[in-house]
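One chain, subunit A, appears in both complexes that follow, with subunit B as partner in the first and subunit C in the second.
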Partner chain A sequence: MGTARVVFDRWDGRYAERLGSVRSSAVRDLFAAASRSDMISFAGGMPEVRQVPTEAVAEAARDAILHEGAAALQYGSSDGRPQLRTIIVELMAEIGVRLGADELVVTAGAQQGLDLLAKTFLDPGDVIITEGPTYVGALQAFSAYQPQVICIPMDDDGMRVDLLADELARLGPRGAKFIYTIPNFQNPGGVTLTPERRRRLLELAREYDIPVIEDDPYGRLRFEGGHVKPLRALDDEVIYLGTFSKIFAPGLRLGWMTAPRPILAKVLLTKQAADLCGSAFAQVTAERYFTGTRWRKVLQGLTRTYAERRDVMLEALDEHFPPEARWTRPEGGFFVWVELPEFLDANAMLAEAVENGVTFVPGDGFFPDERGCNCMRLAFCYASPDDIREGVARLASVLEDRLELYRAFIAAGAISGGLREEGAA
Partner chain B sequence: MSREKVAVLMGGRSLEREVSLASGERVVDALTSLGYRVLALDITPELVETLRAERPDCCYIALHGKDGEDGTIQELLEFLGIPYTGPGVTASALAWDKAVAKRLFLENDIPTPPWVTLTADAFKEAGAATALDLIPSVAGDYPLVVKPAKQGSALGLNRIDEASLLAEALLTALGYDDAAIIEKWIDGPELAVSVLNGLGGIEVLPPVEIVAKSGLFDFQAMYTQGETDYFVPARLQMSVFAEVERLARKVHELLGCRDVSRVDMVVGADGTPYVLECNTSPGMTQTSLLPMAAKAVGLSFQDVVERLTQAALSRRDSGTNFNTGV
Partner chain C sequence: MGTARVVFDRWDGRYAERLGSVRSSAVRDLFAAASRSDMISFAGGMPEVRQVPTEAVAEAARDAILHEGAAALQYGSSDGRPQLRTIIVELMAEIGVRLGADELVVTAGAQQGLDLLAKTFLDPGDVIITEGPTYVGALQAFSAYQPQVICIPMDDDGMRVDLLADELARLGPRGAKFIYTIPNFQNPGGVTLTPERRRRLLELAREYDIPVIEDDPYGRLRFEGGHVKPLRALDDEVIYLGTFSKIFAPGLRLGWMTAPRPILAKVLLTKQAADLCGSAFAQVTAERYFTGTRWRKVLQGLTRTYAERRDVMLEALDEHFPPEARWTRPEGGFFVWVELPEFLDANAMLAEAVENGVTFVPGDGFFPDERGCNCMRLAFCYASPDDIREGVARLASVLEDRLELYRAFIAAGAISGGLREEGAA
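Right, the complex of A and B next:
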């Protein structure tokens, strides 16, 4: 009897090598998708689109077709419609960034911007610098171009720029292709880079001549405290990524990138190859929404909703979570980052959590390496306040169960206790 | 005229819910094209009510993991008087608890790697963590495998090469079950040997050889296409083949499995096959091992589903379903 190798995918072996570096975690995917109806999810960072007035959006879409059908249904320019770019210029002016409509390009969400920048800048083996932990979608977009990712730890004030300085000193001038940062209410850390550190980060970037990519999806979702100027407002060489996903709706897939003109020209070339141009229909609809509706009121309502949910989650964590855990206290955005004692594996805990009807994202997905296993990201943006209270209580009982075992191991001297000092967010 | 009504039970609350839904979907398709009237049922608080109202002729159990594989659902269906596919309550419960199954293997001269079982309570209440240094004297030298005693799809399983990693691996395994098995790692080809009861008695299908590219056939390797190579039949010497078949048959009979089981083994350097565990509700997904083995002997996915369903239906009037046994 001959042996036959079983073939599931007969194209296996013919895919590009770079796809080998893009991996998703099967465990995470399965659990994140856990579809039980009684599941409370702290997993996905999904905007509360139920609060976006569908009537107004329907009208905007209707107008887009009826009044600008010829444009909305046609190809458009690669950098986006001038009308929408004008709106973006105004949005940017509100956060302290002055620029012309020809200094930006409309993208399919900020996510496309990440992919285009990676495609524009990265050759295999290039060094890039990110916060650690960082946005998993950015890691995915970057890893397809096979860079070496260096993660700079954070504390409550955002990226540790002192450690960044050390790293840059080691790498030398132009030692990295870019520094990627989410300075406001970081995903997943929830922390915000302080004004002092922003200035220091830019100084270092100038000193070592390394471009900075500022990803700012949550900047307008501030619950308290004063507005902090974006990096782009302090230095016009910063590449800035904005999105309509959090101030309108992610379903339209609209975002934008501003960058120095030479970079923008290269990005436009890669964008033309990627999609010729973005969706004109989505752009016209967004123009109508931002000129013809009370979108600011909607955004204020959304921000109030997220703020209330943040409050509820922090209260519940204070009440239920054990002293061995610590977590960030975000002033905006969607996420709380929880750090547990080093030997606790959040993936293993997720199993028990799912059985108890609550999900979250284990921390290791937010690092390019094995770090973060003892951490979890909790999204407070989507669950109702009652569900948040219940979900945190469920999670706490799972955690308590784990900790009882953990303490027994410590008491026996089988492991050493305490939180890991470096890598804290 | 359409055939009998079959309720396919899938989903549930176990960690393998998504795997089960994938299995169940394929089973539903197969049964439908075979002409059965098919009900796809998730495990919800309304399940019993639905079963009583719908009165299916049998249930096809496409559940994996706790509840579906540990005898819980089997016991419930016995109570309701509905015949079901696969092994009965006792066999399910014995096979599901690897710590118990391994004891039975040992007592019945079925080679299984040396091991230690430790429960969470042994750590919490009796200070078992002070005795981790003794483990190699019982389970053998490193590398060792640490895994939950009761869990499917290799969830919570880790191979460790040195003592310093043992505590962490135990904490992980105990995240999936209240008992952990620490077992000697046998370096050699891993085999999945499917057993089907047919008209002519027990039929052992060709063993499938599993080669995980990462070296460890864990959850990731199991369900990600391209992470694992499979060879059917396994690339073994003829003498080993015979031993593998004998052992699979013996395990199937020892645990009292009926209809179907999948016995997982690893072949040591000296050619000895060691039995790791027995699964009573083998996966039926796109990448699952039982359908793969069946295909090698000319049995299609539909053939397997038909055979298991007919076996369940044959127990409708015989009463053999109600002795909770074989």
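Right, the complex of A and C next:
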């Protein structure tokens, strides 16, 4: 999965040990492939920024720079501009979280938040808990600090908190440095943690005295069902990661972290060491863009677009995919998670899929170990409805070829059918 | 020097070990103080961005976004936009460095380059070599990876390569993970490494097989004397860090790193983990700003401004500062380094200076240990000529108060006069 061309490396053996645990992101590697014009991409979780009005952003940038002057071009404070932090406080209030502007720091996307938290908390060998599968970028950020990652399986109601309880009982109080969760429209699972399980997760975290990191990039992209309060709204010790990438645009690299003040002070030290401060230029532009109400209409339009694409993908999967496949039905976000018979290797299928003009992300990238090889993440956020129909059909034909062999084996009694049980390690 | 308010921290004892080595940057902490309107700041190395034409940047941002459309708002490749990398290749050619666009990566300022290199190379306890004093942000970035930092003293010709040779002989081949140097108008020393010493440093690095990191934020801000070729122009294995912060504006958080391809591939992995990719929004704006020639006139104007301020500061120091003080005479950049009798503690003087309406950075922040307490860094880049004259006079009066006691001691034979010998640990 490496991005590097194979070249002689005369510095081999002199890199930090941590690089042995850092894998290149399959998602990132595929962004290049996805940019081929004939390719239908279910790979990268790229927002449909073509719907963000370019001229509005252009005017926001121009007006903000003219208005802010030198402040837009200068170094700023490490925690971010007060004006943008005020906007973030309002955004958080809309999802039920009350906090002060001094309880958050502006980051370079939520990804930087993940890196800084790992840097703040993790020594080599430390235990952390995540959902399994989980966001590949989180695994990448965490792995640089060499933790032991324990994955808790999910079902349609999100993380299996009963299995979390078992794991915590085994580990004991403070037995993990943190629990990392994406409760809304999980990446890559597509499932949402129910309100009951949210409360239970927080009870367990309190009982075992383990910080919770809530990563919520997709929370405002709900297609149906009622808003579910974030964990941070239920417990003010929860560390919350937000991002402008999905409600505005990833190209500004703006996100935020809220955390209890002592933790935030430590994170700020790591932020200074990482890049001194965030981009004032991007921040003033975001401030201007989020003044007024147009951004809400754009976001509503985006959400409708994603909802339509989700519908089209689920219909196409129902129509084309074989009975041996199982997939999630997300109520929001970007992703459907497909599980195939264990016999099938999604990585092997990917090469064939690319030949057929469609990409996806094989499931093993979303686990810290060898699991997930029989799974794939399909992003419905970026392709057009027609392309989604066509892409799913293409993918189904690749699948069908592989399944013929599988069915022959089943018929011969050589292997047992069915999907691997969830919860099995 | 911490930024955190003193609060009870119930997570105490659960942070990573590395945080024990990360100090808050005194420079960063002082940015806040420096923003008081009545304060004359010799503290932060903030460029005079008021001379960067705001309306030109505003138009560059607007035009770039309108022209690039969705690409300006989307995720991009981790190594940076090809267009910006082409511009960087041209900028490097102008200072005598030939390289391909695939031999560099765009970073969030040079600071991110420092963080990523430390992350790529350092395990706890690894030895690294820097100048002493050196850039506080580099110490901060490196210290998160828990190295042992060996500082090589400087004189008016830059790093004492004879002392470097001694140190390398002691450490042996590959005895350090890298040598970090700021050869031009060093921060905080203000001195420039001579061409002869550059060649000698590279010979030594080759002989002991140790990578060299050349940090060159100020190279294009030369007031007098001829251009000195960067280390990277003399040896293509040198890792070079450049930044747009001083030739354009820090508020975009754009810099770059060139490195041999195998090292760059590793750095890219750490970049993905840190923030996925740089800001396309900032990159398209920089591309537009660096098209045409106006930026050159702006940079010439900035250089003239800094040169004038350097002159004013050196004159004022000559006029007001006591004979016991010694300072450097930089040929470019932002900083003068002042050395006082060892008896004096610059940290203690800072509080008094702030009361008198002038700030600077005490010297010990530029060392990994207790050295430098009798030194101060004076930035001449940001204050107006009148303020520089006034600020130096205020600082001199603070010094004078302290020196009276010192002189009385000398007269009484209680302590010996003179400055500490350079090279003494």
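The working rule: the second predicted complex is superposed on the first by the 402 of 425 C-alpha atoms of A that agree within 3 Å, B and C clash if a C-alpha of one lies under 4 Å from a C-alpha of the other, contacts with A are read in each partner's own complex, and residues count from 1 in each chain.
The definition used in the following text is that a residue touches a chain if its C-beta (ideal position, glycine included) is under 8 Å from a C-beta of that chain, and two chains touch if they have at least 3 such contacts.
Predicted model only: the values in this text are computed from it and were never measured.
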Per residue count on subunit A, the busier partner among subunit B and subunit C is C
**Report entry** Partner chain in contact with A:L344 - subunit B first, subunit C second, else both or neither
**Finding:** first
Exercise for review: In the overlay, answer first, second, both or neither for which of subunit B and subunit C A:D9 touches.
Suggested key: both
Next on the checklist: Just to be sure I read the superposition right, which of the two partners does A:E352 touch: subunit B = first, subunit C = second, or both, or neither?
Outcome noted: first
Once the shared chain is lined up, is A:L234 touching subunit B (first), subunit C (second), both, or neither of them? neither
With the two structures laid over each other on chain A, which partner does A:E404 touch: subunit B (first), subunit C (second), both, or neither? first
Practice item. For A:A307, select first, second, both or neither according to whether it touches subunit B, subunit C, the two together, or no partner. Key: neither
| query | With the two structures laid over each other on chain A, which partner does A:A393 touch: subunit B (first), subunit C (second), both, or neither? | reply | neither
*asked:* After the superposition on A, what does A:A414 contact: first (subunit B), second (subunit C), both or neither?
replied: first
The intersection of the subunit A residues contacting subunit B with those contacting subunit C is 3-5, 8-9, 12, 25, 31
Subunit A partner, complex, touching residues on subunit C are 2-5, 7-12, 14-19, 22-25, 28, 31-32, 44, 46-47, 49-50, 52, 54-55, 57-59, 61-63, 65-66, 69-78, 108-109, 111-112, 115, 119-123, 126, 137, 140-141, 143-145, 174, 177, 211, 245, 249-253, 260-263, 265-266, 268-270, 272-282, 285
In their shared complex, subunit B is touched by residues of subunit A numbered 1, 3-6, 8-9, 12, 25-27, 30-31, 33-36, 343-345, 347-349, 351-352, 354-355, 402, 404-406, 408-409, 411-415
Per the touch rule, the subunit B residues reaching subunit A in their complex are 13-15, 17-19, 21, 120, 123-124, 127-130, 132, 155-156, 166-168, 170-176, 206, 208-209, 219-220, 222-226, 229-235, 286-287, 292, 296
